[in-house]
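Read through the structures below before going on.
Look for chain A in each of the two complexes below; its partner is chain B in the first and chain C in the second.
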Partner chain A sequence: MSGRAPGSLMEIYRSKFRSEIAVQFAYRGALAIWLLGLLLEPVIYLVVWTTVAASQGGAVGGFTAGEFAAYFAILMVVNQLTFTWHFHEMEWRIRQGFFSPLLLRPVHPVHNDIAENLTFKLLTFTAVVPAAIVLLVAFRASLQPSLVDVLAFIPALALAMVLRFLVEWTLALAAFWLTKVSAINQAYYVLMLFLSGQVAPLALLPPIVQTLASLLPFRWMVAFPVETLQGRLSPSEILTGIGAQIVWIMLAWGLLQVGWRAGVKRYSAVGA
Partner chain B sequence: MAIDDRSPAILVRELRKTYAVPEREPGLRAALGSLVRRRTRQVEAVAGISFHVSPGEIVGFLGPNGAGKTTTLKVLSGLLHPTAGEVRSLGHVPWQRDPAFLRRMTLIMGQRNQLAWDIPVIDSFELNRAIFGVPRDEYRQRLTELTDLLELGELMRKPVRNLSLGERMKCEFAGSLLHRPEVLFLDEPTIGLDVTMQRRIRAFIAEYNSRTGATTLLTSHYMADVEALCRRVVVIHHGTLLYDGDLTGLVARFSPHKSITIDLEDGGEGLGERIPALVGPPEWIVSHAEGRLTLRVPRSETARLTTRLLANLPVRDVIVDEPPIDEIIDLVFAGRAGPAEVPPA
Partner chain C sequence: MRAVGLFWLSLRIGAMNALQYRADFFIQLAQSTIGLGTALAGVAIVFGQTDELGGWRRDELVALIGVFVMVGGLVGVVIRPSMERLMEGVRLGTLDFTLTKPVDAQLLVSVRQVDIWRLMDVALGAAILVFAIAQLGGRVGLAAAAAFAVMLLAGLAIVYSFLLVLATLAFWLVRIENILVIFASMYEAGRWPVGIYPAWLRVALTLLVPVAFAVTIPVESLIGRLEPTTLAGTILLAACFLVVSRWFWRLGLSRYTGASA
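For the complex of A and B:
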């Protein structure tokens, strides 16, 4: 009985995929509304920035209207693939006592969340890509990546997904100590908005903010893959970026382990 | 206490669990004050209890709300770190939550839902199969067995949110037993269910135990559950152990009395004065009206007195009975009742 056969973690993922897809389809209405919101956000930024670009004679800080369009269309895809909802989820679980069943399973709860995350991404990805294409066409985006950019985009995106998941899951563990992690979530969200390049491309922000974004994990979670696909980075900058992603992933992984152990210890000390 | 020669499935030695509970006076001033300095009070939920359970036993774990039952079950299943003491479940230290341990036990809480809310029951089962690494052929066989025993049939295709409480509980049971646990911790498994459903769940627990030999520790406020399932009970109150032994022993120990009810011929007319003399101590007479005499008599006197009354009175019917177990439990707890200190649920 003891000792898990190799490949059975895969089986858990497969089962979780199937049941998650069922859950998502049970809430197709909510899913549709959520997708609409997802599409609306970049459209708003796009309209603002293309207007600004037009009023400044066609370009702001090296971004033409077409480049803004490309930036926000790609950003939408990257954001959709990297975002997580674990702040809410973790708080809800711990307050409502739904965490205990997860602890009683012979698998680390993080697998549950990774599987949920991937399933949701897979489902929404099929809607987000066409939406991005519509944006690219409608706003006459200019996008001519080289083959290297396209090839580099794939690992940059994958690592961004891993990094953002690990960082946000680890931060959400604060729910073990605080009954309300919403405050942390808010602070994080604001930082994220500016430092990960969601409001504007980082190149348009003051140098100090750019430095901060590069030193902290924010740029590597969202902006970096977008910049890569747009062909704004030299090969050495791309390599540095991937290196930064890997370093941050290792750091976040270590923190997750430590935070998890301490969190569970606390949870089981104060009562579940 | 008899020591079983096999190693116990559950072993608890001097278990203590203390919670730090934040405390403050009501009102705004106190609320502001608590921002600066938080006061906590130590509440001892479990204050040093010891017992063990042999493999295959079904033990009833009794006590009023806040006695420390749920806390103990949570420690035993690995959800809580104890403050002190030694605990082994199936030879494991539960709170280390070794997957090898988790795959061999289950905790079912009557008030907590473990199945996914939005998907059909069968999909949740399939997920549990994967999580607990149950081979497919064994899964199918167990599923058929559980479906029959619990009459799940149609329920399996419905989303959990569309099930009634009783239906959901049956599904919780099936889902929690697919990995065939060797130890079952059941916390109020029949709470809120109607009498018929309570009986079904009870019969199922007995059947599961006899088929698999699973060790079962069960808490319940329904004495019918305990009477039907548990030969042995462990009673705790304010975190300390009051009694550990068989159910009949509990009755004998905490209720040294039996009740005798006698119906007299012709409404017992004209016997008014003779009865007190026959019975003896006046406090043994609980009531005497309309031809019915009710007595509460020390256990040791029951046989002698019944014989005397039968010989000397025109008796139509006689019932000698134990007081109801609920009453005894009430008595036990009332005797020790103090201000209840309830740990956070």
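For the complex of A and C:
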């Protein structure tokens, strides 16, 4: 974004990593409480769907209880790696005028947020993976991915991370125009809940919702990597998915540029 | 009587404060509607695949959603904002001003802050509940309705006591604004009957964080599924919770020294 040598950008990232780790360790309690919420949600839906599967003679919509367990355990990891918190942060920054110091720095503020995001995920990843393993074991998950599925999962997950970050960062820019983005934030969150496969695997939703989830970026941000690792997709479906991810990433990237330029013009710090 | 008067006063002050920001009404309306719609859509998706969930039928689960939203609203109207203000008061020392007032301090801190927009959740939840009861038809008699009212009150008393204990911890730990989030995240589990959860989680939702008493048990009493012993036990437990939380509050308060001077 800026015409800097890649080396100096790396350095900026490295120092941001160090300071972020220190910040996160200062808020251990908040981290633990956050983890509790992160673990509870997939467990709730996992329990609901295994109960349904049991009452329907062991399977529902092509999912057995063990496959539900695998789905929600992987979902938890994918969700942890892809989620962002920029909706709250951006509104707070803009309303309180905390954007000013970030704007004065010689790098685009998005780098600050990318570094923050990656550090936080690196830290919490060490807690989420054991939790996912406990889920897999405790709920007797059945998961036999082929080598192709595992290999395809890696780019699918990486692209999902990029896509969700770009989409949510771009939407958070709405705070430049609106003083309260909480209603938009909640509407987006609900769409995400249903269309990205967090309430139930998309295969269990009505066909029209499934189509909507595939046409919009939602499926490609969370559900797609999960389905890939579970071995539910054919090679051509995987390729189509990765193509959809790339197209949406380019679109979101363009929107971010336009929105950012227009937004910064509107920004005026409050106070002295 | 005093409690009701004080609560009414806070409600009026809260209303006057809130009415300065009228756009918030529409934001809260949007949020409450979205929240309720999400819960109902979740039920619709599940019952698209099955006729019953852990022995609960669709109408019964809709009633559960109604109570879930209603109780969440009641906690959000007064209990949660008051507890947040109490913890802030301990941290900043502004609790001094409360303690000098000539009323019981526990009573005052418990009703002092009101978020009137959350009444919308109470109204929407109640509307869904009434709708669900109409669907259930003749199954809800006068006795069941009375038992429901008693269980709802007992559940609220238990949740209030639990949150008061959490907030009182601020006297020892000072910086724990996040602690109430524990209840908020565990409460999410209450949108489904706790009976479907595995034993460890059921125990946690009953004893560790009393979500079961706030939502599942009142609804069970409404649809006539509650054992009389559970009913009596819940009343007894609510009384215990109230006594213990008051004792704990006094213990915490005796440690309060004010933040300045």
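The definition used in the following text is that the second predicted complex is superposed on the first by the 261 of 272 C-alpha atoms of A that agree within 3 Å, B and C clash if a C-alpha of one lies under 4 Å from a C-alpha of the other, contacts with A are read in each partner's own complex, and residues count from 1 in each chain.
Note that in this section a residue touches a chain if its C-beta (ideal position, glycine included) is under 8 Å from a C-beta of that chain, and two chains touch if they have at least 3 such contacts.
Computed from a predicted structure; not experimentally measured.
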Inset, instruction - May I ask you to decide whether A:183 touches chain B, chain C, both, or neither, giving the answer as first, second, both or neither? - result: second
Legend entry - chain B versus chain C as contact partner of A:193, first or second or both or neither: second
Inset, instruction - For A:151, select first, second, both or neither according to whether it touches chain B, chain C, the two together, or no partner. - result: neither
Inset, instruction - Look at A:215 in the shared chain and tell me whether it touches chain B only, chain C only, both, or neither; answer first, second, both or neither. - result: neither
Inset, instruction - Using the superposition on chain A described above, determine whether A:18 touches chain B (first), chain C (second), both, or neither. - result: first
Inset, instruction - Report the residues of chain A in contact with chain B in the complex, numbered from low to high. - result: 1-5, 8, 11-12, 14-16, 18-19, 22-23, 26-27, 97, 100-101, 103-107, 265, 268-272
Legend entry - Of chain C, residues touching chain A in the complex: 23-24, 27, 30-31, 34-35, 37-38, 41-42, 45-46, 48-54, 176, 178-179, 181-182, 185-186, 188-189, 192, 196-198, 201
Legend entry - Footprint of chain A on chain B - complex, ascending: 19-20, 71, 74, 77-81, 95, 97, 99-100, 102-104, 106-107, 112, 114, 116, 118-120, 123-124, 126-127, 129-133, 159, 343-345
Legend entry - chain C-touching residues of chain A, taken from the complex the two chains share: 29-30, 33, 36-37, 40-41, 43-44, 47-49, 51-52, 55-56, 60-61, 180, 182-183, 186-187, 190, 193-194, 199-200, 204-206
